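For reference, the structures are reproduced in the following blocks.
Across the two complexes that follow, chain A remains constant while its partner is chain B and subsequently chain C.
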Partner chain A sequence: MPLDTSTYNLALLRVDGRRWNELRQQKAQMGVQPSADGSAYLEQGNTKIQCIVSGPNERDTKSTSSASTAPTSGGQGATVAVSITIAPFATVDRKRRGRNDKRLQEMQTTIASGLAAAVQGQSYGPRSTIHIALNVLSQDGSLLAALVNAASLALVDAGVPMTDYLVACTAGSTSSYAAADEAADPLLDLNTQEEQELPFLTLATLGATDRVVAMVCESRVQLARLEGMMATAADGCKGVRDFLDGVVRDKGELMVQEGAVGRGEVVGSMDLD
Partner chain B sequence: MATAKSLTLSSTTFAKLSPHPYLLANLQPSDPSTTPTRTNGRQPSETRTPYINTSSLSHAHGSAVVRNGDTTVICGVRGETILTALGRPQLLLDEARDYDLLVPNIELATGCAPNFLPGVPPTTLAQTLSTRIYSLLHSSKLVDVSRLRIYPEEVGEKNTGDDDEKMDEAEETDEYAVTEEKAVKAYWVLYIDVLFISFDGNPFDTAWTAILAALRDTKLPLAYWDADREMVLCKRSEKEAAPLNLRGLPVACTGAVFTEKEKQKKGSGLYWVLVDPDRLEEGLCDETVTVVVDKLGGSTKILGISKHGGTVVGPELMRKVVATAESRWDQVRAAIE
Partner chain C sequence: MPREAEPSQNEKDFILKAVREGQRLDGRALDQFRQLDLKFGDQYGVADVTLGKTRILAKVTAEVTVPYTDRPFDGIFTIATELSPMASPAFEVNRPTETEVLLSRLLEKTVRRSNALDTESLCLVAGQKCWSIRVDLHVLSHDGNLIDASCLAVVAALRHFRKPDTSMEGATLTVYTPAEREPVPLSWLHSPFCITFSFFGAVQVGEDGAEKDIWLLDTTLLEEQLRVSSCTISMNKHGEICQVAKPGGAPVEAMTVVQCSTLALQKVKDFSDFVDQKLAEDSKHRNKGGLLAELSADNAR
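Let's look at the complex of A and B:
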């Protein structure tokens, strides 16, 4: 099968017209679900995620049956429970995923343990659980990254203390071993088509720092390319963090305007200037 | 003053502590100058205005987002082809039921309300809703089954097959195809998936409105049976995609019966029929009535009546609910068109 991405070298434009280091268009909104403790909606290109946070509330073992959990603060803090629902209409070919789908569980575990590293759970105590429900409404590449970003934003909306945003981004490599093109560009923020054709990894970092919280790579990739891909993904994470921060600040501005919070009033250590 | 202050509760605390007396106090205010309203500020027969957005999903053949107050649902319709089983009779009484051409599914476990946590098996409510939607889809004959039939390609419009998309592999090979020219070779199956984004009461009406709007939005590509390749092929061009011919515009309207006493026998005490109930009201009412009406074409047709629990609603009250459903129909029609 001829690769569409093989034409990349001709114009240095990707299938959707982006340059190698461009993120897709992002849209996000906080507080989309009034009855939830925290909620967010995030679009990264055509990947659309809705996230609902409930809690922290007392641990209920029955309701976390298929959710993946991870304790915060070394078991001394609240537990983060993540469950993902993929809507049947989210993909091009309609496929039902069961609640015990292994791929979903793996993503749930990655997100839960990643968020557990960012959440300051010791203020809640070990008997409480923060439930994070992620609904995938439309899927077009970088799913894990978008899920992490949406969960991060919803946790901010819920007012859960975190050290920084947990942000994630994907990066792929266009070079093939046969072509021996050492200088080939890594690609940032892949869509479905690129994900199917290229080796790629998902990298999650804590805020704008280069502290890697999670990295998932499920395809064969040359070791020499890995560093370039990681650097590109970390750059992308910075872009995502700036975007999420902008969304949170806009929301804060709005809250000040609407009189929900007084101007200059400091909510925790968050600065709403 | 300290004791007086400690006895005064804010209305939200009152609502949380004792919801039934709270709703009753709102409907039957002690001060006659205040007009009795529900806790959400509506009159008993007042509904929430629905907002509908269609074609918002890129991967589905038809989709709709419906917002009714704080209840929001997404509905996606996707068509897939199935081959008619050979040896089964070609003329069936009800093809849609026999081949299971309409498959609705309701997902409530999305964290849409605090009592619907994600990652749990489908609740009784979700299963009941799916079944009620399924039976209404079939009994209302909303979808024209002739639009779901796939025939062999007509000889005149035979084309080279370059712009055709491979849709389905044929498993059966038979001489049968040659002998019967206009036999139905395959069907479209419509998978109708409803996802609750947020939940604030009245799930059936909202889900049904979403399904109605999504089905109106659905366009299926022109599919035909290719006798040579023995598979179903679709025309690629968007122009030839045709909408489903829906019969009528059935609209559901639900009312919940709120009684003065929490355990009330028939014929004693006051009661109110709260149309389009929210989550608080649903939790306090045992008896619900759902009427499905269609006013398209002038006269009102009743497509379904269902009543669950309680003994308050009689024929008189049922007429009133039907009248409310008629005004609800106008409201939904305005939103859908």
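Let's look at the complex of A and C:
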């Protein structure tokens, strides 16, 4: 069913009632899997991701055969290996996906080399691997962005040193590629319905800066729209970073309350105050 | 798994220092492409692209098949990439490397998803018969910038290709041989081209500590091994972006990406004119003397 974008111009409200620069409701939790080295659960609207980090371990080629890998610190540090599994029940029509789906492999590569830019891998040897397993439990747009955010959070939980959070967000444009419509609005954080109808891009930045780590645009769009979409997505990334940072700080606060660590005590290199 | 030989530390330092000073090993400007050449084969739909020492061959074939059940009104269009060990010792047969997966995904997104080829025009009988167009891409020699060269080869081969003419009379479908009827070109909507920017970190410019990202166009294999990240922008000459991919790697200022996309448009226009010109030359060459020569009763004896 095509998305009806005609009403947008009247009330400036999107199909789910958001304004152009609003993110969807986000929920996140760290340490959902006590047996793992690091784990996180992230919801962005109806997109739900679970992420398990194991490692750094000694490199094991068997477990990383289907994963995409990227070396950190110019080959001198640990390797980041990412594998994505999309649950058959993640979409409305239940279907099983093959392991060597090229689209998935591309996403794995993008996430792996994106995270490799943020991870300070030189503290581990070049023969160690940080394995990140991402499970997509429910899929409703901005998949790549949600995967990146979940992986970032799980890496923080695992205590892997990073320069900053790697955060990602999508942005679209209300006008299709054909229309030379100057009044087109950029939209932030698209859901599936909007993604199917509108041109959009996914932007991953390092923390709240304007430094682009990864960028993926798969739809036809006028060159003039690119800057607006990128600016909107970068703004969204700042919002996501604030949110993730809040989650991490809440978790730290909880750890202090529960007596796991003392206030002001330095755990590893992380200052909990 | 065999790996590409890594450049030595001396080579690395030398090239990186030269790039920071705005120099390249082969004396090109930072935004200059190597010598580009495009040759068409005797058959329709064969394009041979040479970009410096990189050489790519694309061949288009067509056959009549049954369309996919979920898309009864569309023809089938596939791009098959093959990186054989002939091009580089790092490639293995029957085991797609990451380079190959990314290359085929990029071509898929640039040419197929952007609807450069109108697949609906390939339908012959809805739900029963359609054309299946297949592009086979062979990398004959790998000296960097596979993506830009491959995309050019695919687009040129598809635009050069002619499929047999067909007609429907009642329920009978006739496919004519080239002797019976002149083959017809594919219904081509726009020509997208890929431009890959390779980043090499940032240098300081001016006194205030402002940094500027350094990027190169059309990198050789050696330069490609040393880059910290890359960004491929696909566009057509009308300024429509078909695809942008910066698959991770070191971060780059957002403004640099925007500037790159403007420059990409200029390069895409050059590519577009180049392919148009080569296609025109080829059709002139094939059609010696034009219609008059064909109608003339004189023969060579």
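Heads up, the rule we're going with is that the second predicted complex is superposed on the first by the 262 of 273 C-alpha atoms of A that agree within 3 Å, B and C clash if a C-alpha of one lies under 4 Å from a C-alpha of the other, contacts with A are read in each partner's own complex, and residues count from 1 in each chain.
Just so we're on the same page, a residue touches a chain if its C-beta (ideal position, glycine included) is under 8 Å from a C-beta of that chain, and two chains touch if they have at least 3 such contacts.
All values derive from a computational prediction rather than experimental measurement.
S.K.: Put the two structures on top of each other at chain A: do chain B and chain C fit, or clash?
M.R.: fit
S.K.: Applying the touch criterion given at the start, work out whether A:89 contacts chain B, chain C, both or neither, answering first, second, both or neither.
M.R.: In the superposition, A:89 contacts chain B only.
S.K.: May I ask for the angle at the C-alpha centre of chain A between those of chain B and chain C, rounded to a multiple of 10 degrees?
M.R.: 110
S.K.: First (chain B), second (chain C), both or neither: which does A:214 touch?
M.R.: Only chain C is touched by A:214; chain B is not.
S.K.: Output check: A:50 vs chain B and chain C. Expected answer is one of first, second, both, neither. What do you get?
M.R.: After superposing on A, A:50 lies in contact with chain B but is clear of chain C.
S.K.: I'd like to know which partner A:111 touches here: chain B for first, chain C for second, both or neither.
M.R.: second
S.K.: Between chain B (first) and chain C (second), which does A:138 come into contact with in this model arrangement: first, second, both, or neither?
M.R.: After superposition on chain A, A:138 lies in contact with chain B alone.
S.K.: Residues of chain A touched: more by chain B or chain C?
M.R.: The partner making contact with more of chain A's residues is C.
S.K.: For A:123 in the superposed arrangement: first (chain B), second (chain C), both or neither?
M.R.: The answer is neither, since A:123 touches no partner chain.
S.K.: Based on the superposed arrangement, let me know which partner A:201 touches: chain B (first), chain C (second), both, or neither?
M.R.: The second partner, chain C, only.
S.K.: Looking at A:35 after the superposition, I want to know if it touches chain B, chain C, both of them or none. Which is it: first, second, both, neither?
M.R.: first
S.K.: Looking at chain B versus chain C in the superposed three-chain picture, what is their shortest Cα distance in Å?
M.R.: 10
S.K.: Please give the residue numbers of chain A that touch chain B in the complex, ascending.
M.R.: 32-36, 46, 50, 52, 54, 62-67, 83, 85, 87-92, 94, 99, 131, 133, 135, 137-139
S.K.: Could you list, by residue number, the parts of chain B that touch chain A in their complex?
M.R.: 57-60, 63, 70, 74, 76-78, 80, 105, 107, 109-114, 117-121, 191, 193, 195, 197-200, 279
S.K.: Can you name the residues of chain C that touch chain A in the complex?
M.R.: Residue positions touching the partner: 98, 101-102, 104-105, 108-109, 113-115, 228-229, 231, 235, 239-255, 257-258, 261-262, 265.
S.K.: For chain A, which residues count as touching chain C in their complex?
M.R.: 68, 70, 74, 102-103, 105-106, 109-117, 177, 201, 204-206, 209-224, 226-227, 230-231, 234
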